[in-house]
Every structure is written in structure tokens, then in C-alpha cells.
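Step one of this worksheet: look at the structure below.
Per-chain numbering from 1; labels A, B, C, D and E assigned in written order.
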């Protein structure tokens, strides 16, 4: 009984298969890290979970119910939110409107304003800029907005595609810490990160993708210790 | 090279023989197709390659046609000699009107081009400067002649028009595969990135507009020569729409596509004549259906081929 | 002076109709970045449906002029909304992922199709609304008579504009519509059913166009299957003038265009009025490249 | 003699001062890092240098002459090339053509020679192709030359942007978060690439949040906060500057 | 069996589709009647309709198509510019063309042997217009056209004829944009010049709106229209009270013709299609067909040279549906065709003495 399970998942773009039958299990309350080189298929995997890309084979189930045929907006309603690669904030809407859209699926006004307050607390700069158009925010500010927006839906599972991208080091730490807190409050997290060391430190378990296949799957401690992983993803170490 | 000759040459020769088996009506339909094909190609440069939303191309066509008509009827200059003059006039006109507006984005540019088209048409109707003949237009344009041979029948026009079309195809094909053609594509794709790669976007936008307009102007000359009368009715917004549809339906940025587009957009209403007054209904439906089933156009542009040079050993890489 | 005021009211009357049609253009454009050329024919359809319903249901006889007109408007708007939704399903939805200009050509095809369908059903001749449906009263102001109907039309346009504005800017669904306009994929990730949103847009926009068609029919009395093109072009111009995608912009653009036309017709030349209107448009765009109330540009590199 | 010199540069957006009286120099042949918290104004500085924005005040000198107010393409052809923080490739064109865009400003043929494919034009074209392939080779994307840019993964798109910038033949390369979206191994390769660039005589100015990279390649680092310079100096010095630690780096805490 | 092929070139689509539809109805009915009586010169006739869309380019193609079908005579078409685009094609192929609605003067000034028309020229009409204006004692006149070839031509001609006349002052001369619906702007402007009469040379659709809107503005001025306003739809769209008192020029309406032929035809038409023909031009197309058949019958040949000769020289006072028909050398219809009509309170068109 897995919380979220990808079974033999295959994905094609046009005629080219880029995910070749991967299996991923996520238990409730887990933090899962997905590592992999450029073009390994990490983003594709997340997009497929969210329903923006349709699998060509295999299945995705959430609480044992298949969801891979559901349209994207229904999947959000189930409680799976995503911080997409490249942020994709709504550039001509204000920061506040962006955040409001994050809670589009929720109807509970009170809960929404509580979450909003929390997010402003988390990212004070967003609160300062609430009337600024999202498109004119700096790269890092947009990243914060994207994360905040996803959190606004109070998801059960949060998928993050490189959340630390473009964030200042100080903020990377804050965000990873926040993720841990969020996780403690009961949210399951699937994290795609290039900053593998930090990601593995945070995660309970990890998967390594290569060219559309899962090549390694283990506890994070074991992954950190894994020679291959070290060579490929942890090589330099943070200065 | 030989293969290219075969794949283009043989159909071209067959096409050149085609009128020998057709009656005057069908030849004239082909002539119409030819004129619209050239217009489509010229618009393709602007819309397809550069991505400028131009729905007023008829204005430049009109400038060319009227230049030919006025100079021919007033000063008896042989029509065909006027081809470069018409191109120049239309190009100049395009330069003047598009200079201040070329920076407009997408649909704003679109409405301005529509506006320019309408202004030109209204000016023609109102007999601007007293030389356009108002809504009557200009009549009595002399038949074109080549080396003393007067062109009058549809068959003769067929060769004139399609020769010009062939030259256009060749030149535009070469233009496409050059620094110039690529530059247009870059600014279609992303203006900021193009500018950031060192491309003078304003210059290229203008250049593509002017060349496209000049070509439409030259086509206007052919049209005037063929019809011998021209009037503002032939240069309405609808004409611009037809040219636009040819480009998009055929395949934006694709020369074979535009040719096919011209055949369909001009030819189909003729084929549908048997539907009598429902023919435009059928045509509209056909337009939708074709677009829905071939969303990229019938023959979308194919990537340019490049012969990637072999680098000497040891160069590049890590 | 009297002539000036008279022309002012003339311009307002035409302008408010432009504005009403422009709202529909802007609405659809705002979401799909598609110039819905068929909008003008949905407008025509509204006028013809109004005529059919009016003469077949005898609404005015049964419900009196005001009640009849309101019920009629509701019915016409409903029917045109359905037509709009169908149009979207058939002609635009398959083109969602393809280049923007492809959809423009599909829209042109749809426009030709609709226009000729109307011609084949209703005939090519002018059709005439039954006379004297709307009250003939008029108000005397500043030395000119202003027919009540004109004020009603202007009022209706303003009300619809305001309603639409509030709907788009202030409501949850409205924000969703704008989000879908920017990035459909990201909008889906917010839980927005993008196809439903677009469908909604394709019902509201055409419904407004249909209402405009009905008003034109009721007020001017004479309708024709080609009348959409002219109005459509003007309304599109108006939408751009105000800044396309911007709802108050459509209103301002429409009214302004009406005024420019009537003033240039009155004080310059009638035959040149459209050319003058376009010249003014171009001048305005040179100064303000995204229209009077232009869209908020947020392109940061 | 500095290659690039910013003098008291200021840029406001409405009420917000994004860059405030900023001055610093870039010496030829050096690698300079520009760091600072998010929203500090780094990208804005790049946009000012490349002429996308016009500064409200200040002066920008490149090779001793002002480039203030020049159009971007002009600045590029003078020898400043850049990459973008949010990737801006020609998504629907091939990888090779993306790089060829960079070669544009070094080519001369105009409309007519393009239309008639003169001999010189063909020669020039061949040269440009060679140069592009070389640039692709350099970043390791040669095998993907025929693919559409949009089908590249995020990290590879970054490399392609770099190749395109290189193809303009720059003296000064300015990179906005080049390592964004790269894992450590890839980042290491990038570090090697950048060092190699410097060895060929290209000066680099870069924005990066990956301190591994910054500390490893930069000779000088400029730190911005709220649009103003709060520190400037060698990596060592900057790393230990309390102001920088407070504003940007944070105290390194183990996880 | 062999047939005599007659082409009908008409706007079946586009803005003038309603005219085209009626032209076709008239010609089809006539052909039916003639064939029922055994045809002409021993052969059945066949009417082939081609759509010109009201656009010159399309017309040129339609003309080529008819020429390729080897028709003997072509009836049509409506607009002058459209006709002009087809003239040379027919002339070069020696096909007789009898236009029904193209009134521009120059069409017959080119010396084309095979071109004739049943409609009168703009200058004919302008003459009658000027006469009527004088007769009604108008001192201040506004002339409004719609910038179409036809309307502009009529307006210009009339203006020219009245220019020499000290008695009539033209206080306003401008064009409206056809197919719009709100003409209060131009009415307001004209009103400020205080003319006694407005001569509108455009079409009935706009005329109807002008009348209606002038009435709404409480502007009591006499309107007069050219023959393109001769259409019962005018009264429908303007309303009876607004159109009462409207003058217009036209060839005699079928009901006002003494000819039994005309009356009978009118009755059959009404029976077949449910309403009498609205457009005089449709009836003129019928007359074109009838003279053509007459000439073919009389010469007993489909040799177009002979037929054309007959039409130019021998056809005298043929009893047409619109009056007596003869042609001059240029191919123009001779004789005063125009009558003045006025709309009465019931919305009926009353022939003025």
C-alpha cells in the first residue's frame, strides 16, 4: 500500500520514449529525492505525476487509485501540487493574485488567509512586493513565489522541481529547512534537486535516474555513502 | 545537385506543359494562382519568416498596380519596363509607413497594417491627388510586350506570370538559406535573444517589410498588365486576408507550402463553383477543416539542411 | 455648437455599439491571444436570431416592450453563447497547441462559413425588424434631441462592461481566466480546468456580441448578412485602440472610435472618415504602443 | 586598463532603486563574480551593460569608450556577449542555428549577396558553420547539433546559450547564473570550460549563486545588496566578510 | 440535342448576392418559358450561371469559364467595375455581352462591338435627375453618394449638369460609407447646410436608413434617389411614414408598362417565387436575355457577328419588360428610359407625370 506509486511508467515525446518504465514508491510522510543528470527525465517524471504529460505506458496510483488518466486540474484537487521547473509564475498578475491562484482548489477562506500569512512570513519579500507584477520580480523572488504558490493549496504531496534554482545560498538553506518543517506537518515531498548533497541530507530516500531509467534506489544515507553517487553527484562538495 | 534537378526540374517542366491541355478558363485560374503565389511568397517573408502580423499586404500590391497603371496610361511607359519602378515605389511606401510602427508588437502591428490597407483603399476611392480615378479606377492599361511580342491570351500570360513566380521562388529560396533569412527567423522566435546575439532587429524587420512590399508591388504590375483595368475593389481587406490565409494554410515560412496554399485558396473556390451560392460556405468550412487537421499548415517549413564541416582532430571538446 | 453636441451624441451612439462588440473580442483575445474573426458573424447571428425569435414568439405582444426586449436579449445571448461554444469546440480547440496564426486562419474560415450559412438560411436581401418595438421617446438636452434608445444602448454597454470588468478582475474565476491566458500549463497546475475556462470565455464573449447584434437590429431595424465585417473591423480597431485584452480599454476604445468618426465626418470629410480614424489610431499607437489603457507589460530578461 | 568599467550606475523602477550608484571595474583576462541576495540588482546590472535598460545615472565604459545608450546588438558586436538568467533560446530552431545566430554579427553579407549567394557569401557561410560547430564542440553539444533547441534538457539549454554567446566572438562574456540547473558534476565541467575560456583570452563576468563555482573560478568578487556594493575583493576576503555572510552566505550550518 | 448556350454572369455570393439571386430567377423563368414554346431558332436554350462574386478578379475568371463553355451571349453583370474586368475577354472571343446593371459611361465608349447594355447610362439618368431637380424648384441641393463607381458617376454627372445652372446651388457633396447603419452623422452635417433636397445616388439599403434616421431627427427634407433605390425593401426598412414623399428615378416599373408581356411575366414570376421582382436590374437582365433571343430568332443563327449586327442595327423598339428597346452603335440603349416615381403614404411607387 504505497501513498504514491509509479509502476513501470513510460513516457514519450512524439515518438521518442524518454522514460523507460520506472518504478517509484512514495510512502506517506516521506521526503523523496530524485537525482539525475541533465536530460535524465526528472522533470518529465514530475510533469507526468501532475498530469501535464500523459504516460504512454504503466500507471501512477495515489492511495491505490490510478490517477494517470485524470486531467491535471483534478490531480491538484487530490492534493498533489507542483513547483514546476522554470517557475512559471503568472507574469502579468500580481504577486498576491499568483498566490491566490495557488489556493484555487480550496474553498475555505479562513484557511486560505492563514496559509497566506504563513507564506508571507516565510518569504517576507513577497509580502513587500504583493502588488508588484510577478514578471518583474528577480529570478530568486520568482522562485519564492512559485514555492509559495504551490504551498497555498495545502497539498498532501508537494512535487518540487529544482526549488533552489537561482536562490541565494542563505535562502537555499532556509527553503530546505522549510521543506523539512512542511514535511513534519504531514506533507509528503518529492524533490528534484541538482544540489544533491543538500537534497539527500533532507530526504529519507532517493532515486537516481539515468537516461530514463532508475539506476539506483536506496535510503539517503546509503546513497550518500554510495561510491557511484559520490562520484557523479557529490563530487565537489560545498566549499 | 542532380537529385535536386530531378525533384524540382521534372515537375516544373510538367507544369509548364500543363496549359497545353487546359482551356482558357483553367489557364486563367492558374494565372490567378500564380499571382497569388507570388503575393503569398512576398507576404511569407514578412509573416512566415519574420513573424510580423501583416494583414494589410494589399496596400503594397495596390501601390505597385497603381504605379504601373498611372505611368503606363499617362506616359505610355511599357508596363513590363515598369516592374522595377513598381517594386521601388511599393518598397519606398512600405519603408515610409512602417518605419514608425515597426516596433509595435503582434496584434497592434496587425491592426496598423489593416489600417494602412484601408487608408490606401479609401485614398484610391477618393481619387487622391486626382490620379487614381476614384472608384472607377484606371482603365486602358496597355498589354505588356516582350521583345516586340504582345502578351494577350491567358496562355501567354501563364508563361509570363509563372516565369516571374519561378524567379521569385528561386531568389526567396536562396534568401531563406542565408544569414539574412536566418536573422529573420531569429527575431521571429525571440526578439530579445536575437538582439542579444548581435542582430539589429529593427533593421531586419524593416528590411523584410520593404522587400516583401516591393515584391507585392511588382506583382501589382503583373496584375495591372493582366487585367488592363484596375480599381480599388481589387485591393480590399479581403485580398490581404486571402494572402494571409495562403501563407498560414500552406505552411508558414515554407515556399512549397505557400505554393500549395495559393493553389488551394485560389483554386478551391473555382472547384467549388458547382455548389453555386453555397460555394463560399463550403470554402470556409474547408479552410477550417484543413487548419484543424494540419495545424502547422499543409507543408510546414522544414529545417534548413547544413553540411556540418568536419573539424580537424584535436580541436574543440575537452 | 448645436451641431457639435448632436455629433457628439451620434458618435457616442455608434461608439457604444463598437464598444459592446469590442468587449467580446477583447475577452476572447485576453485568454487565447486569438483574434476571433468569427466574432463579427456571431454578432450578425445575434441580429438574425433576434429577428426570428421576435417574429415567431411575439414576445413584445405578450410581455410589453421592455419585458419583451429583456427576454429576447436573454434568449439571443443564450443561443449565441451556444454557437460560440460550438465554434470553439470545432474550430479553435483542436488548434490550442499550434502556432497562434493557424488559429487566426481557422477563425477566418469560420467567419466565411458562418456568414454564408446566414446568407443561405435567411437570404441575401436586407431583412427588416418589425417597426416601433423600442419606445420613440427622446430627451432634450443642450439643444439636441437624444433618443432614449441611444441612452439605453450606451447604458447597456456600460453595465456590461462594468460587469465583465468585475467578473474578470475581482472574482476567483476571473483570475483563473487571466491565469489561463498567461500559461495554460501552469494554470492546470493550480487546479484550473483550462478547457472549461476557455469554454466560458467562448460563451460570454459571443453572448455580448449577440446582444450587440440584437441591439443593432432593434435600433436600426435593417440587417444584412455582411454587416458583421464592417462592425467587426471597427470593434477590433476599438479593442486595440484601448489596449487589447483590457476590458475598460475596449469600452474607451469603442467610444473614442465612434467620436473620432463622427467628428472627422462632421468637420473634415465624410468620405475620408474611416481613413482619418485609422490615422488617429496609428498616431495613438506610435505614442502608446500598447493602446490607451495598454496591457501591463512584464517582460523582464 | 580595465576592459569594462561601471561608474556610479543607478537604475530605478518606479519607486524601487534596483541599482544604486554602483561602480566596479573588470580587468581584461580576469574572471569576476557578481553575487548578492535575490533581488539585489545583479541581473539589472547585466541588463544595463547590454543596453536592455538605460541607466538613470552613471557611465559604462568598454575599452575606454562609453557604450551608454547604444542598442544591444551594437554592444554585442563591440565584443560583449551574454547569457540570460531565464533561458532565451530560439526554441523552434535547431541547436546549430542557435549558435549561428551568434556568428551573425561577424558576417557581412547583405540582402543582395544573400539573394544571389555570391562566392564571398558562400565562403563566409562556411566559415560561420565551422565556427559554430567549434563552439558546440567546446560546450559538448555537437552531437545534438540537429535537434530543436526546445527538446534539450534544461542544463543543456544553458550550455547552448553559452555556445551562442561564444560564437559572437566576445572579449567580455557575461553569464547570468550559468550553473543554474546543473548538478555538481556538470558544474565542475562548467568550471573547466570557464577557466579554459579565460585561457583563450576571454574576460568573464558572471552572476552565480553556486558558491562552489564562484569561489573556484573567480579572481575577484563584487557583492551587491539592495543595489549597492557592499563588498569587493578576492574570494577569500569576500567569503569571510561578515557583511557578506550576514546578507548572503549565512553561517554555514551543517544539516 | 444541341442547345443555345446563354451565360449569366451575376454576383451569387458576396455583398450583392441578393441582386444575383434575382437575376438568376428572372433568367431561369424566361428560359423555361421560351423552352416550353419550343426554344429559339429550333433549339432549346440553356442558361449557365457563373458567380462573379461582385469582384473584378472573380469576374475575369467567370468570364473565362463562360468563354470556355462557348456561350453565344452573356447576360450581366451588375457592377460596372466588375463588368469591365470581363469586357475584353468576351470581346476577344466574340461573345456578345449584354450588361444589365453597369451604368458607367465609359463601358460603351471603348468601341467594343459585342458589348451592349439594357440599362441606361449614368449621364442619361443624370439628365433626368437635373431636370427633376429644376422642376421641383430646388434652390439648395445636397448630393450624397457612396463612392461606388455607379453612385459616384451619377453624382458627378448630376453635379456637372447643375454646375452651369445659377438657380440651383449645391451646398453639400460627399460620400457615405456603404453597409454601415448609423448615418445620423452625415445627416446632421447635411442638415447644417439647410438644403431643400438631398439627392442620394447610392443603393436602397442605405437610402432606407437615411430616410428613417432623418425622420427620427425630425428633419423634414425631400429626398430623391437614383434608380438603385428602386426596391420595395426601401419602404420596409424606412417604414411607410418615413419613405412617403421620397422621389426616385427609374426605368418604368413593370406594373406601369402598357405591355401585356410585362404584366404576364410579372404575374408568373410572382406565382413562381412568391413575390414580384424587387430589383429593376433583375428585370433588365431579363430584357437582355429577351433581346438576345429575339436577335437569334430573327437571324436564325448563333453566329455572334450576325446577332450583334442585328442588335445594333435592326432591333427597333423591341417591347421589353422595361419599355421599348433599341440600341445605338455603341451598344447603349436609346431613348428616354427614365421616369420619376414618388412613394405615397401607403408605401406604393407612383409614377409621376
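Odds and ends about this structure:
One rule holds in what follows: contacts are C-beta pairs under 8 Å (C-beta built on N, C-alpha and C of every residue); 3 or more make two chains touch, one makes a residue touch a chain.
Just so it is clear, the structure is predicted and the values come from calculations on it, not from any experiment.
When the C-beta contacts at C-E and at A-D are tallied, the pair with the greater total is A-D. Of all chains, D has its CA centroid at the greatest distance from the CA centroid of chain C.
Note on chain placement: the centre of chain C and the centre of chain D lie 48 Å apart, centres being C-alpha means.
Rounded to whole angstrom, the centroid-to-centroid distance between chain B and chain D, based on C-alpha atoms, equals 40 Å. Taking the mean of the C-alpha atoms as each chain's centre, chain D and chain E sit 73 Å apart. Multi-chain contact residues of chain D, defined as those touching 2 or more other chains: 43, 52, 84-86, 88.
Shared interface positions of chain B, i.e. residues touching 2 or more other chains, are given as 125-126, 192, 196, 277, 280.
Shared interface positions of chain E, defined as residues touching 2 or more other chains, are 13-14, 17, 20-21, 147, 175. Partner chain C is touched in their complex by these residues of chain E: 13-15, 17-18, 20-21, 147, 174-177, 179-182, 184-186, 188-189, 192, 205, 208-209, 212, 216-218, 233, 236-237, 239, 278. Note for the complex: chain B touches chain E at residues 23-29, 32, 125-126, 134-137, 139, 152, 154, 227-229, 231, 233-234, 269-270, 273, 276-277, 279-280. Note for the complex: chain E touches chain B at residues 12-14, 17, 20-21, 49-51, 55-58, 60-61, 64-65, 67-68, 79-82, 84-85, 88, 92, 104, 106, 147-149, 152-153, 175. Here chain D touches chain B in the complex through residues 50, 52, 71-74, 76-77, 81-82, 84, 88-94, 96-97, 100-102, 104-105, 107, 109-111, 114-117, 121, 124-126, 128-130, 133-134, 136-138, 140, 142, 145-146, 148, 164-165, 168, 189, 192-193, going by the rule given at the top. The residues of chain B lying in touch with chain C in their complex are 47, 53, 100-101, 103-108, 110-112, 114-116, 118-119, 122-123, 125-126, 192, 196, 237, 241, 244-245, 248-249, 252, 277-278, 280-281, 283-288, 291-292, 295-297.
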